[in-house]
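Chain lettering (A, B, C, D, E and F) follows the sequence in which the chains are written, and residue indices restart at 1 in each chain.
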Amino acid sequence: NSLSHLDADGQAQMVDVSAKAVTARQAIAIGKVRMSRETLNTIAAGNAPKGDVLGTARLAGIMAAKQTAHLIPLCHPLPLTKVKVVITLDEDLPGYQIRAEVKTTAETGVEMEALTAVSIAALTLYDMAKALEKSIQIEQIYLVSKTGGKSGDYQADTDAS
Amino acid sequence: NSLSHLDADGQAQMVDVSAKAVTARQAIAIGKVRMSRETLNTIAAGNAPKGDVLGTARLAGIMAAKQTAHLIPLCHPLPLTKVKVVITLDEDLPGYQIRAEVKTTAETGVEMEALTAVSIAALTLYDMAKALEKSIQIEQIYLVSKTGGKSGDYQADTDAS
Amino acid sequence: NSLSHLDADGQAQMVDVSAKAVTARQAIAIGKVRMSRETLNTIAAGNAPKGDVLGTARLAGIMAAKQTAHLIPLCHPLPLTKVKVVITLDEDLPGYQIRAEVKTTAETGVEMEALTAVSIAALTLYDMAKALEKSIQIEQIYLVSKTGGKSGDYQADTDAS
Amino acid sequence: NSLSHLDADGQAQMVDVSAKAVTARQAIAIGKVRMSRETLNTIAAGNAPKGDVLGTARLAGIMAAKQTAHLIPLCHPLPLTKVKVVITLDEDLPGYQIRAEVKTTAETGVEMEALTAVSIAALTLYDMAKALEKSIQIEQIYLVSKTGGKSGDYQADTDAS
Amino acid sequence: NSLSHLDADGQAQMVDVSAKAVTARQAIAIGKVRMSRETLNTIAAGNAPKGDVLGTARLAGIMAAKQTAHLIPLCHPLPLTKVKVVITLDEDLPGYQIRAEVKTTAETGVEMEALTAVSIAALTLYDMAKALEKSIQIEQIYLVSKTGGKSGDYQADTDAS
Amino acid sequence: NSLSHLDADGQAQMVDVSAKAVTARQAIAIGKVRMSRETLNTIAAGNAPKGDVLGTARLAGIMAAKQTAHLIPLCHPLPLTKVKVVITLDEDLPGYQIRAEVKTTAETGVEMEALTAVSIAALTLYDMAKALEKSIQIEQIYLVSKTGGKSGDYQADTDAS
């Protein structure tokens, strides 16, 4: 029930994981980007010929996953073995849903890498559409699941979204 | 009504801002991190002696603002003249609200820098509390206001949050 | 007739440009990626639905332009105002031609940014096709033109390619 | 005969290498920088007392190899165990030949790291000599050999250069 | 008795560690930041409510340890498993003493990571106090101990400080 | 008499410099690397043919100056117009003295850039010689002078070293 990143003196430190086993680990995160229906239609149309709007956001997410340890101060640098970002049009939102899956074989997990990929992909979508609509909102970024490691697997409740 | 980052062939490019005037610009963004009341209480207690939980998230947000052009593929590198990140406990959420303000004097604005600061600060809060609760959720990241530049000022509707 | 980056003692240094005028500058560079016709056909077909092969290389070039000062040791950090990368299929090569245009308003030029964008876009094309053919070759990267600055404009001879 | 970085939907992704064996891997790449004989003579003379022209290009190549996963969007971050860059004067070119050798022990190879080291070393040579001659050309960057990994060893045909 | 980073031709290279055993390694480094008693008192008072002065320097040190391979040209990129930075008020100096401990499981050691963490934490302290006193001095940064690896353990003489 | 990086709530923030005048600024810093006479002799001999020991440290310092805003959390990103690092053999130390000079035209100064260049150059010297002697010590890093900006010029007392 304590904050793992604080040492006995209450100071933030990178946790010692040197004694943990190197195991296969995976994490999946999702998030949403909500916009007006008009903006969504413009992106969907603009993306059509080359796929460059969603493709740019997807690549930004993949590259950001590799920068996680330089962005989140107490994250351990990890040798990622897979990063996959999928962006799906959601007519009901309206907007896009972003899903990132990350894998490693290491002493600690890749939850932050998956969440970072989703966040930066969402920000990139915002960037590409902000001339159309400044009120676009990034929503409900959370961890869907993680596997591997001593703390066991985790699966979000389906109603979390 | 078009996507400014796509050229005539539908290809994503960094927009040419060389002919735009260099003016003072400011952007403010906010976001929320929702968690269980128990997690919030633990963070609030753990943060008390040294302030290291919120202080770490705040610094991560400030440093991320400076990395924006390396994270968001089509953003222009800008000489930031101010970055301020404030994290406020929100008993009703329950959780924390994060607010970032960024300034520059340049040809284009700092909306993405403010949004990136909020996002990375939120992810850092998640990182520091994830051993307590994996269902923490990042919510409602959006632009509050921007000033400066030809496109004029922007102020979000208050009910957007 | 001397090497501008070496000081009087023959030591490499970042040149002092503080006394130079801040002016609008532009540079254009190109390069080629030569491959077998079979590889070219596979990329052209694979790229068709989403444009992700050329789109990925294009984005990598744009993002690399922004990293130039961190890659080329004696380059000055510059506020880029435009980066455009265009990749064109060249049936005769066979392969792709890459062209990058970069702009800034600064004390020194952006030749290295344009050349870096071309080089990293070329390497990314190699990366995406290397499972098909390892003998892909990057060829004839050079400066096409530069404008702005005291040293005057430059235009490559057309037979340089 | 397919593009390994595109998933079933034609979208670019970082390939999942988590099931591949961790083995010793090596890659060697070369490239050329062609310039006028006069420029070559000036560099050779300028480099003489301290070696700073070639030394700077060599270091830039070594450091760039370590940045490969941040430059090439779909490359995996790898723990490099050796990077060696050698730059040789080539009177016949005239110019310089650059050769990079990279090693790792990992799930995937270091071809891109070797090619990136060559490319950035070549660009750095260009940067240091561009005040003398803007028509310097980077030529024939290609993979010489790779060893290790399931796909087997590769050796370029000698006439590729 | 030779310089390990120079090859047979006297050229700086990243040493080949591919044949070395992967073992647990640790390094500890310290350094001092000397200032006037008045400055020390102001920092101690200013740091009191939130701990942000020392907390900022501590985080900067931790994050810098993760950047070591990008800062020190011939360092190998290593998967750090622990980084801890402790900053202690030293009334006698007067000033602060900074101590960093770094761990990895790798082919080579983390001395440079520990020394880099100390150095950047010290620079950050300087940055935060330089408006008060520009004559603050960073002193006596050295390696306290290292363990692991074929070359054996090392322990600094106590009078080195 | 207050800490400029702490806001009214005692929280560390990047200072707002948007209202400050853009002026020419320069900063000079120095530092020392003390080693045994035997180590010094080996470096001096090893450095002779190619200059790669001191050349590597010099370049590391120049490149680090450009990374200052990414290393020191509250530093503003600045467009550096000059970085010069000079390393001088000091028989009396024994060891090397490192001097860095940095210039910009901006709203704030480059003291941290000069100090960072010295620190990373010193660490690089340590890295290249640590196989010879682990007790090498980095000493007396301080600001020699700064010019430009509203706060006026600064010149260190000569006995500070």
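Simple rule for what comes next: a residue touches a chain if its C-beta (ideal position, glycine included) is under 8 Å from a C-beta of that chain, and two chains touch if they have at least 3 such contacts.
Please read these numbers as outputs of a predicted model, since none were measured by experiment.
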Exercise. Can you check how far apart chain B and chain C are, centre to centre, with Cα atoms defining each centre and the answer in Å?
Key: 32
Practice problem: With chain centres taken as the means of their Cα atoms, state the distance from chain A to chain B in Å. | Solution: 15
Quiz item: Taking each residue of chain C in turn, which ones touch at least two of the other chains?
Solution: 11-12, 49-52, 55-56, 59, 63, 67, 70, 73-74, 77, 79
Quiz item: Touch graph of the chains shown: is it line, ring, star, complete or other?
Solution: other
Quiz item: Can you list every touching chain pair?
Solution: A-B, A-C, A-D, A-E, B-C, B-E, B-F, C-D, C-F, D-E, D-F, E-F
Exercise. Over in the complex, which chain F residues touch chain C? Could you list them?
Key: 24, 51, 55, 58-59, 62-63, 66-67, 77, 79-86, 103-105
Self-check item: Of chain A, residues touching chain E in the complex
Solution: 7, 11-18, 69-70, 73-74, 76-79, 106-107
Self-check item: chain E-facing residues of chain F, complex
Solution: 1-6, 9-12, 31, 42-43, 46, 48-50, 52-53, 55-56, 59-60, 63-64, 67, 70-75, 111-112, 115-116, 119-120, 122-124, 126-132, 134-143, 146, 151, 154, 156-157, 160
Quiz item: Can you list the residues on chain F that touch chain D in the complex?
Solution: 49-52, 55-56, 59, 63
